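To keep things simple, chains are lettered A, B, C and D as they appear, and every chain counts its residues starting from 1.
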Amino acid sequence: MTDRNWTPTRRTVVKGIGAALAAPLAAPYISTARADAAPIRFAVIAAQIADHTDYMNGAVLAVDEINAAGGIKGRKIVIEAHDIDLFTPEGTQAAFRKVADSKPHAIGCAFTLIRIPAVEALGDYKAPYLVGDTNFDLITETKSKREKYSHVFQVDPPEIYYGRMFPKFLETLAAGGEWKPINNKVHIIREQGNYNATIARELIATLPSSKFELGPITEIQYPVQDWGPALQAVKQSGAGVIMLDHWAGAEEAAFVQQFVADPVKGALVYVQYGPSQPEFLNIAAGAAEGIVWSTVLGVYDDAQGAEFRKKYAAKHSGVIGLCYNGSAYDTVNMLKNAWSNVDAEDLKGVADYVRTHVYRGVDGAVSLDNEYQAALHYPLQTEDLNKGMAQLYFQVQDGAHKIIQPTVLAESKFRKFPWA
Amino acid sequence: MTDVLRIENLSAGYGPLGVLHNINLTVRAGERIGIIGLNGHGKSTLMKAIAGLTGWQNGSIKLNGIEIGGTRSQGPGRYTHKIVRMGLALMPQGDALFHGLTVADHLDSGAYTKRAWRERKQRREYVLGIFPPLQKLLGQPVGKLSGGERRMVSLARGLMADAKLLLVDEPSLGLAPKISKGVVEALMKIDIRDGAMVIAEQNLSLLEGKVTRLIGLHAGKLKGGSVSPDVPLHETAHHH
Amino acid sequence: MDPYYLALTTVTLAAIYGLLALGISIIWSSLGMINLAQGFTFAVSGYGAWLVAQYLSNNGVAVVAGGVLTGALTGALIGGIAFIPLYDKPNFPLRSLIATLGISLFGGQCLLWIFGPRVKALPKIFGYGNIHIGPAVASYDKIGSIVCSAILLLLTLGWMKSSRRGLEIRAMMQNPEGAALVGVGLRSTAMAVMMVTGAMAGLASVLLSQTYFISPFAGVTPLVKGMVVALAGGLGSVAGALIAAVLIGFIEAITAVSLGGQYVLITQFLFIIAILLVRPRGIAGMIEHTRE
Amino acid sequence: MTAPTESTPQAIVGRRRIVPALRGHGGASWHRWRYPLTRRTPLLIETDYNRTTLAAERRILNPRPVLWTVALLILSFAPPLFGDNSFVAASTNFAMYSAINVIWMLTIGTAGIFSLASLATVGVGAFGTAYLSVYFGFPFWAMWLVGPLFGLVFGIFIAVPAIRLEGFYYALLTVGIAELCRVYVIQSKTLGAAAYGLFGADGFVPKGMPEHEGLVIGYYAAFVLLLLALTLYRAINGQRLGRLLRAAPEKHEAFAEALGINYRLARIQVFLISSAALGGVGGFYATLLHGASPSLFTMDQLLLLLAMIVIGGIGTTEGAVLGTLIVTLFDKVFIDLGPVRLILIAGIMLITVLFLRGGIFGIPDQFAAWRAKRQSERRGLQSGKGGEIMPEDAIEIADKQSIAVRRFDARLKEELRGLISDALIEEHRTTHGKRRSDPLERVLTFFRRQAVADKYAILAVKAFAEYRIVALSGRRGVPPRVVDDQVFATPEDALHGVFVKRVQDLMES
């Protein structure tokens, strides 16, 4: 697959129909065929949304590289794409059952929304399932049923750390002297979903132990048709820090554009996660200058990360994403290591290998050998960059995302935003 | 003198019903024809067939020498507007008015065809001359008018058009006898110049002596009258 | 609460909702069809404008024209699929409603397939900047949206009121058979109506998308809101739709300011349910004689 | 299969009904059997002897029960036997959504209330029971029991506007109500805590059961649910309520009301019963998926549901089930097609709605109607036969009997015309109040049974001095009109005048 953008073409669709019709007939022959020469099958569950497209692109990049280098012990890796209806439990389960029935060697997914029914639908099939859900509820559930969910791995830290980390970030920034807060109030604009609610909850719980204090909270609801009231509230509160606790990159871009047109002088604007998607910069363009954002799962700018960015940019024009493309790339390479050392047919062996071996990839180090089987947050869970995944804080500078924290990984220093 | 309307072997009906059977009728310019028949014998269907509003029909209908009939069953009304643009004005039995629009709007809508639209001011004067009571009602929505006034609007709308053939279906329907007389008087006043007029009516006495020819329509067949100006009366008179 | 801000937001929302609701309302009353594909027209127009901006010209007028034109063409397409083959068939109202739903499902997925899931952005047609009107601040966007929609609304209303085509549409809204009797062609008028309302949706789309963004399903929320406004106003009433647009715009603005953005839909729907319970034919159902 | 004989009782004049004939006796025993608690026989079977071969033959006049039985038999064993896990799960979905659609048919078809809140009612049931299970530990059977209560309460709530609103206004309002529910659920901390639903409810599949067996149990539970829904449909639509409502179709409610049918009450009753049933399905949904999700309230899902019933054909249970089958197949089994699967569903939906009047199951009827239309138009063109059928604004006559009646009338008139003579008219004039000859009696009997419209009557302008002939309008409130200028001095003269007029009409027709 060398498509620059992963969109189904007519041919893949026709092939897909054929495969769907032929699968029940061919299934017995496939499973009894000699496995040695057969390719290793990596199932990717991807919906028709932007983040999943990034994930798919990253996975394709990694698989192409591995196959070009001769594959794993002579076996090629193939990606089997499965669509999913993210918004209904039936649709989610249908996709996961379909995947389990097709018996791939490993399963990868950027994230799902109805998570527990999803992993439930994998049922008795124990191929390693690596997902970037960023969700505490999921790993709590899988931890409580470790036996059943021994094969479920979350390749990034849960979302709670966004909230816990934010005051620390502000303190570091203020301590560095590049930024002087106009006041210590943090105004939260909160989307209603679980993800954002959890982040806000953790932030509110953490703020009292920092030198920052909680300002007003403005509720919004996806999809946001009118940012007017939120902007009005921000104007009125005059808080020194505005946290846009949302997730859809495109909508956050709309907010930023309208904010910049009539800003609160000197207020730091932090935007949750969304800018890791290419659409944020595409839409916000010049207006995004000076905006700060972060992700717990982001592509580093160290040697390894930079090389990945270069390779990825060569295949995909325009602004590139900085989250799930790297994550998918790491996931495939992590599995490659496992498959190189353990027989791919030994699903439990592969899962054990993945769990017990720390993998240092372009998005940071993934160590899953803990009770939650989830990547560790740097710096809150571990101070060791070779064990934890750093939460990257970016600032948009000269139309590009630059890492400003953690300091060890920073590409650039914080700059004054245009409305300071 | 040319034939404004020439119908040959027209049959028409709705679904399994044949209502008209082999109708032949010729109308010349300058003629006023009265079609007399009881309820349910095909008067309205004849008018609707000319306007292309029946369920199915077959047979030739020529308006000013142009064929507007033929065999068709595509459902009613598909070509009506084209026939209207060729010079037909049908003032139907039901109002077929636009209740929310004003009288003035109705008059304008009557002059919808392109040529009439340009002359709509002059035409309005002319029509108001025939129906003077409408002058005061111009700004009123039609939904608020009385039955007689609506009837007048309907007729006036028909007159606004650039019509060669005026079809008037039951001008007296639902009106008090005095008013229906007035309406018929007004119809007689209309200058049909090179066009013609066909009036369908149940009440023979209303039209007797006022029209060029009176033709009976019974059970879907024309009877008791001369179906063409060239055919003497006795040849078509009913015989048993 | 800032009254100027409230008024400005109300007017902005009312302008956009008015464009959408008026389209739905006119189509219902003249064609007897509930067009639930209006949201699809909205989404396609965004892409039309985007294509123009991408490949032809970044000029604001060209972009708006691209969106409006796409909207008109999409409207005609919907008319060609859901109205022309069905209008003289049995059970037309329900079947056309379902057909428009089918079109919107079909079209939305096609957009997703063709343009991919990544959302697109339009250039700022009115540029960046703010105007201070007394104590209130309005961005060029907002002012531009209000002015543009007001112009299109007035043009449409004037055209409906005084032109020959307009009279034809109004006649058909009241009585399709009577309209045929004065020479109005149902099909050509239907296409004209679909194109005009499509153009309205197209303009609304460009105006909204240049502050927000274009996505395959961007039309859903505007459709729902347009529907709410058209219903509350009384299907088929132009005046009712405009009154309802202002009222619902106001309710949205005041809810967002005083209760919070998450309650907007709730208050809007409660409002419309209340209106319909009191007046089953909407605000204007009693003022005007509308299509039964 | 042998060709049908001419003695099929249901045959309509001029059209043959082809019913395959089976050999043998046994019709009588079928007539003895009944569905439990009803008076219905399971099959309409007619036994007869072939007139040429004299062999015993049976004909199933209504094959639907047979088709249903076959279909349900296949459904009862095929999915678990032949499918893999995802196929069994998709079949479970199919059975559950079929049940929803069958119950929805009660609302749309039987009650005639175009509610689009059916899935929302399921959602309310699902959320309500999931809430009780998650926060109060209700076991699955208790969830099944309280589900209908939630449905009923929600049904009462949305039935209020149904009394006031009609048609599209109500349909769109229910869309609004569903949207309201969705917004409420996703921002409620207790219900939508995880924005995409409330999960963690009890399930009916025993814990620790192997996956495939668990899915099969799920499938059979859903299958039983479908059977229950079909039974409910049958019990409502086929029994008292359904019949009351069939007597009050749209636009004819006034007639039904005049007959003393309280159709409003019946509608609301059906609506509430189906709401309760939908709530029950909601309870099942929550136990099947261990929770509920706001997707039950979204437009997208509603659209899919609508596609299901539209494709199969609105108004019939078999349409609901077949439509569900097709859409589920595309949506859940061919999920790997990506957006194309939805494009295909929408395409099928569009084609169905553009070309078919009543979905796939409406095709036979539509074809028959098309053929009848063609035939009747051809018949209508042959004016010799149809010349007597006159009602001016009539459309299709469904009742072919009336055509026969008219034709009979025409023949009668023809015969009566032969009886008319000057002598007969003279006899009528002179024998007033006396015994009349047979031909005259026959003519008079014919006149007396004419319809009221345009019937002549005598108007006494001045009693015993001035009588005139009028014609009745036949419509209430429309006065008779005077026919001509003749004035009669005595009622007898007037009566004779009427007779002469009628004779004239008879001769003219």
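One rule holds in what follows: a contact is a pair of C-beta atoms (placed from the backbone, for glycine too) under 8 Å apart; a residue touches a chain by one contact, two chains touch by 3 or more.
On a predicted model such as this, the values are computed, not experimentally measured, just so you know.
The chains in contact with chain A and with chain D alike are C.
Distances between chain centres, each the mean of the C-alpha atoms, put B farthest from chain C. With centres taken as mean C-alpha coordinates, the chain found closest to the middle of all protein C-alpha atoms is C. Look at where the CA atoms of chain B average out and do the same for chain D: the two points lie 41 Å apart. A separation of 75 Å divides the Cα centre of chain A from that of chain B. Note on chain placement: the centre of chain C and the centre of chain D lie 36 Å apart, centres being C-alpha means. Counting partner chains per residue, chain D has residues 183, 187, 338-340 touching two or more of them. Shared contact sites, meaning residues of chain C that touch two or more other chains, fall at 112-113, 262, 265.
Shown for chain A are the residues that touch two or more other chains, namely 8, 48, 192, 219, 221.
Screening every pair of chains for touch gives A-C, A-D, B-C, B-D, C-D. For chain C in complex with chain A, the touching residues are 2, 5, 9, 12-13, 112-113, 116-121, 128-130, 137, 139, 141, 211-213, 215, 221-222, 225, 252-253, 256-257, 260-262, 264-265. Listing the residues of chain C that touch chain D in their complex gives 34, 81, 85-86, 89-91, 93-95, 97-99, 101-103, 105-106, 109-110, 112-113, 220, 224, 227-228, 231, 235, 262, 265-266, 269-270, 272-273, 276-277, 280-281. Here chain B touches chain D in the complex through residues 11, 13-19, 21-22, 38-45, 55-56, 58, 73, 202-203, 218-221, 223, 238, 240, going by the rule given at the top.
Residue ranges of chain B in contact with chain C, taken from their complex: 51, 53, 75, 77-78, 80-82, 84-85, 90, 92, 95-101, 105, 108-110, 112-113, 117, 141, 143, 157, 161. Against chain B, in their complex, chain D makes its touches with residues 372-373, 376-377, 379-383, 386-397, 403, 417, 453-454, 481, 507-509.
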